[in-house]
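Paired with chain B in one complex and with chain C in the other, chain A is shared by the two complexes that follow.
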Partner chain A sequence: MNLSRPARIALRIAAGLGFAVIYVPLTLVLVNSFNIDRSSGWPPAGLTLNWWEQAWHSNGARAALWTSVKAALGATGISLVLGTLLAFAVQRYRFFGRESISFLVVLPIALPGIVTGVALNTAFRAVLEPFGVGLGMFTVVVGHATFCVVVVFNNVIARLRRTALSFEEAAADLGADTFQIFRDITFPLVRSALVAGALLSFALSFDEIVVTTFTAGPGVQTLPIWVFSNMTRPAQAPVVNVVAAVLVLLSVLPIYLAQRLSSDTAGTSRI
Partner chain B sequence: MEGTAIRLQSLRKSFAEVDAVAGVDLEIRDGEFFSMLGPSGSGKTTVLRLIAGFESPTSGTIELAGRDVTRLAPFERDVNTVFQDYALFPHMTLEQNVAYGLKVRKVAKAERIERAREALRDVRLEGYGNRRPSQLSGGQRQRVALARALVNRPKVLLLDEPLGALDLKLREEMQVELKELQRDVGITFVFVTHDQEEALTMSDRIAVFNRGRIEQVGTPAEVYEHPATPFVAGFVGTSNLLTGESAEKVVGSPGTYSIRPEKIRLAQAPADADAGVGSDHSTAVGTVADVVYLGDSTRFLVDLDTGGRLTAVQQNLDTSSADVDAFRGSRVRLHWHRRHNFLVE
Partner chain C sequence: MTDTAPAAGLGRRLAGTLHRRPRLRLSLLLSAPLFWLIVAYLGSLAALFLSAFWTTDAFTSNVVKSWNLDNFVTVLSESVYRDVALRSVGVAVAVTLIDICLAFPIAFYTARVARPRHRPLLVVAVLTPLWASYLVKAYAWRLILSEGGLADWVFGPFGTEGPGYGLAAVITVLSYLWLPYMILPIHAGLEQLPGNLLDASADLGARTWRTFTSVVMPMVFPSIAAGSVFTFSLSLGDYIAVQIVGGKTQLIGNLVYSNITLDLPLAAALGTVPVAVIVLYLLAVRRSGALNSL
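Now for the complex of A and B:
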């Protein structure tokens, strides 16, 4: 497409502004984590590793990090199993209500977190508490899984759509039974989609705060909740900056990997 | 050994309301190159998939070498398939692809590697074992698909339009290669195609499919020269039918007749009318509506005075494109031996 020179310049400025809005604040957080001055600001008064050391020794931050990892692993595990099963059912079989199931599975990712949070909170307290199960790690994991299932489901179903059924027929034709077909053909072909789905699911769960707030109860503090409750305390502000900086760096890796795996079509084209 | 490789009896397959296969009876002999020819949607591929076991029939039975396999899974049947899209496993090397059938049948590793290499050598892909399917051309993939099926030494090889994705030149080469391969290995080939020329050149026998049924089974010569139905006459070769009043006047009796275009001779009319034409010939007079110069031959479309249109093909033995063009719009007389009139209905 040929654009006029002014249009090209205008679009470049717009794109530049867009990226600036997203990435300048992130850079500021990163820089401020080294800022000698306790209150974040620009330009930094001087550089120090002090806050990083303090964050490293902060028990609250560490416990919260571990809680978040456990919650994300749990939610991802549930999502992998349920999301994969759902994707196979919807893609490979024709049954009554198939379209509705597909819709109902994807809906939670679009629901506002506050709605999911309130709904789950009410449901958990009404249904689980009589059985002695209070809000805690379990309810956080279940809450996160409701929307993490979607990303696994979407990744796997997209892969299945692009994977010709004739691969499995060819394996059956060559003498493979159902289990061998899954082990040798189906699973290797969807494996990278599973990894991509798991990484996205982990990332989604890891930084979730709204649903977590409603499902965690008082005893469970995930990293986002810890950050949120500490950022307004002057004493903790620099440590929050460090935690945020670490989270930025940690997020880059799974997203980068997930993108590469989803766009990797070498293993999926009809050959 | 002149046994029966495949026997289909009253085979039916319905999808929802549609009968994809509407009652097929067929016997395919051992060692035969058998083609199932028909337009898309005629049921030929469904019959192939029923034989392979990917679909189960609504009713009817399938026997392989005398054994009823109607209810058996694909992996319990001694047939192998070459798929239209080849279905080579993208995450495996060529050697792994070819050896896969041996692996799941628990052939020892050393033996299966040796046999896979041998199979790749047989299809002229020696030394390609470590490549991936994505690194191959269409023709090479086709040959790997063949090797992967044949390495298992099946009793029957099923081929689902395996040449459809290749360009014309490669397709013609593969036709010859496939035929030679089949003669060498002596395995029964069941070959699905919609290309009548492909079926005629390669097959020992052909079944012509239409609307889920078989219209005719016969050798290429039988199917081409003695079409049993108007559909066969039209689908195999150029449709050249005389019907109704025109048939009655030209042939002498009512019905629908098929006449192959290359059997019809053409002369300027009426100057040399009846010259050298015996009473054992049918004749018709008409006007040349169009002339199609094909290089080695010319196709004349002639509107008959009695109604209807016949196509006549003449070899360009002494004529050039300018000569044949002069025929356009001129009055001609067609004649052919009576034995080339085939009553098809």
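Now for the complex of A and C:
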């Protein structure tokens, strides 16, 4: 479209303002973790590294961080297996209900988290408690895996769509059996999509709060839950600020890596 | 090449069996994930919605399993619930409209105006905050809107204060949270727009505005609808951001949350409201053909 010069300039300014709106709050969180003022007033009266030191020694935050990492690793492992199996089935086979699979996979993330959370909570209590399994790490992992499947599925299926079957057929013609083909041909082809899907699903799980609230039980505290429950406590404010800053930095990393690994994916969106 | 000799045995035989039976392969692929998603996930969803037809003993707060529609009657007839439901839909619509207005210029810039060399970088610049922690983004706004925070500092010279916590803050934060979900589909839609259509429009004498309304908008509409699915449904189900910056504001998610421990059937009935609205919205959007561009 041949835009007039003023229109171009106006668009440029509007987009610049838009990006400013997107990035100012995130930058503020980073700056604020150094803010000398405990109540996070603006502009900062001075900068200090004290809070970072204090956060480093905060046992609560540290324990929560490990819980989050463990939960995210577990959920990522399960969703890698389930998502890959589904992607292969949907892309390589024709069967009844195939069209609705992609809808089914998106559902856990598209429905309000509170609905998914409450549903899983009541189901866990009804089904698992008779076996002596209470709400805890296990249920958190199960809950997270349910909505992480979609990112692995999307990444793998996008890759499968773009890879021709001819490599595998050639390998079969040369005498390789099903397992050899998978090990030597198929797996290397989808490997980077798997890594990208795993990174994204780790990030998704690491950041989740709503489903976690309902599946975690009293003893398990992930980092987002820790931040949420300490957000309103003035005494913890500086540590919360540092943890928030760390979360911003940590969340950027997987996206950057996933983007580098797999250009067809990083799903243009989360879904 | 000795390992491919017939002596390779069991593995090789298994591979052969799998190779000859595509149906067996398919059922091995599908059984685990479908068990998980259909039995575990859809099963618990179905159980939750069935429990909406039960009642709670007001005295003991135990669930009484007798079938009735009381909870739905309560949700629809009591003015508190009706008001909150309408307010939630209003917030979701407002957030969607704000996001369309904010996202369009940004997407237009990243897809059509910026130098092609810079475009991938700009897309990453939109993607990154999308993945930044939900909680931290809401927390950032809590800091901005707090007393003596950035908002007060910005508005101070004009003799007023920042808006503080409340409904306006909720709409602002939700718009901020879901903005990338709107930018990305619009960006994709604008990027796929064939340049020669725009040239043809210009050759036929259309000015920028006419080209925009008659060529660009109709072709980008499905993308906007696709983005609105996210902004609308994510806003409708939210309750955390409301707790963080909403002050005393309540949305439907908060009502569900506050009823869970004492009256699960009522909470389930309340939960059907956003789900029903979202499903209706999805069906409406599907009629426009926008879901294919998701």
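Operating definition for what follows: the second predicted complex is superposed on the first by the 262 of 271 C-alpha atoms of A that agree within 3 Å, B and C clash if a C-alpha of one lies under 4 Å from a C-alpha of the other, contacts with A are read in each partner's own complex, and residues count from 1 in each chain.
Heads up, the rule we're going with is that contacts are C-beta pairs under 8 Å (C-beta built on N, C-alpha and C of every residue); 3 or more make two chains touch, one makes a residue touch a chain.
Because the structure is a prediction, the values reported are computed rather than measured.
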| item | value |
| --- | --- |
| First, second, both or neither for A:Leu86, with chain B first and chain C second | second |
| Partner chain(s) touched by A:Leu26 [first = chain B, second = chain C, both, neither] | second |
| Which partner, chain B or chain C, touches more chain A residues | C |
| Chain B versus chain C as contact partner of A:Asp177, first or second or both or neither | both |
| First, second, both or neither for A:Ile185, with chain B first and chain C second | first |
| Which superposed partner A:Val195 touches (first chain B, second chain C, both, neither) | neither |
| Which superposed partner A:Phe167 touches (first chain B, second chain C, both, neither) | first |
| Set intersection of chain A contacts, chain C complex versus chain B complex | 172, 175-177, 180, 266, 268-271 |
| Chain B residues touching chain A - in the complex, by the definition given at the top | 52-54, 73-75, 79-81, 83-91, 100-101, 104-105, 133-134, 141, 148-149, 152 |
| Parts of chain A lying in touch with chain C, wherever the complex brings them together | 1-4, 7-8, 11-12, 14-15, 18-19, 21-23, 25-26, 28-29, 32, 39-43, 81-83, 85-86, 88-89, 93, 95, 104-105, 107-108, 110-116, 118-123, 126, 142, 145-146, 149, 172, 175-180, 200, 203, 206-207, 209-210, 224, 227-228, 231, 240-241, 244, 247-248, 251-252, 254-256, 259, 266, 268-271 |
| Touching residues on chain C, where the partner in the complex is chain A | 4, 11-12, 14-16, 18-19, 22, 25-26, 29-30, 32-34, 36-38, 40-45, 47-48, 51, 102-103, 105-106, 108-110, 112-114, 123-137, 139-144, 146, 148-150, 152-153, 176, 179-181, 184-185, 188, 198, 201-202, 208, 211-212, 216, 230, 233, 236-240, 244, 253, 256-257, 260, 264, 267-268, 271, 274-275, 278, 294 |
| Touch list for chain A against partner chain B, complex | 164, 166-167, 169-177, 180, 184-185, 188-189, 266-271 |
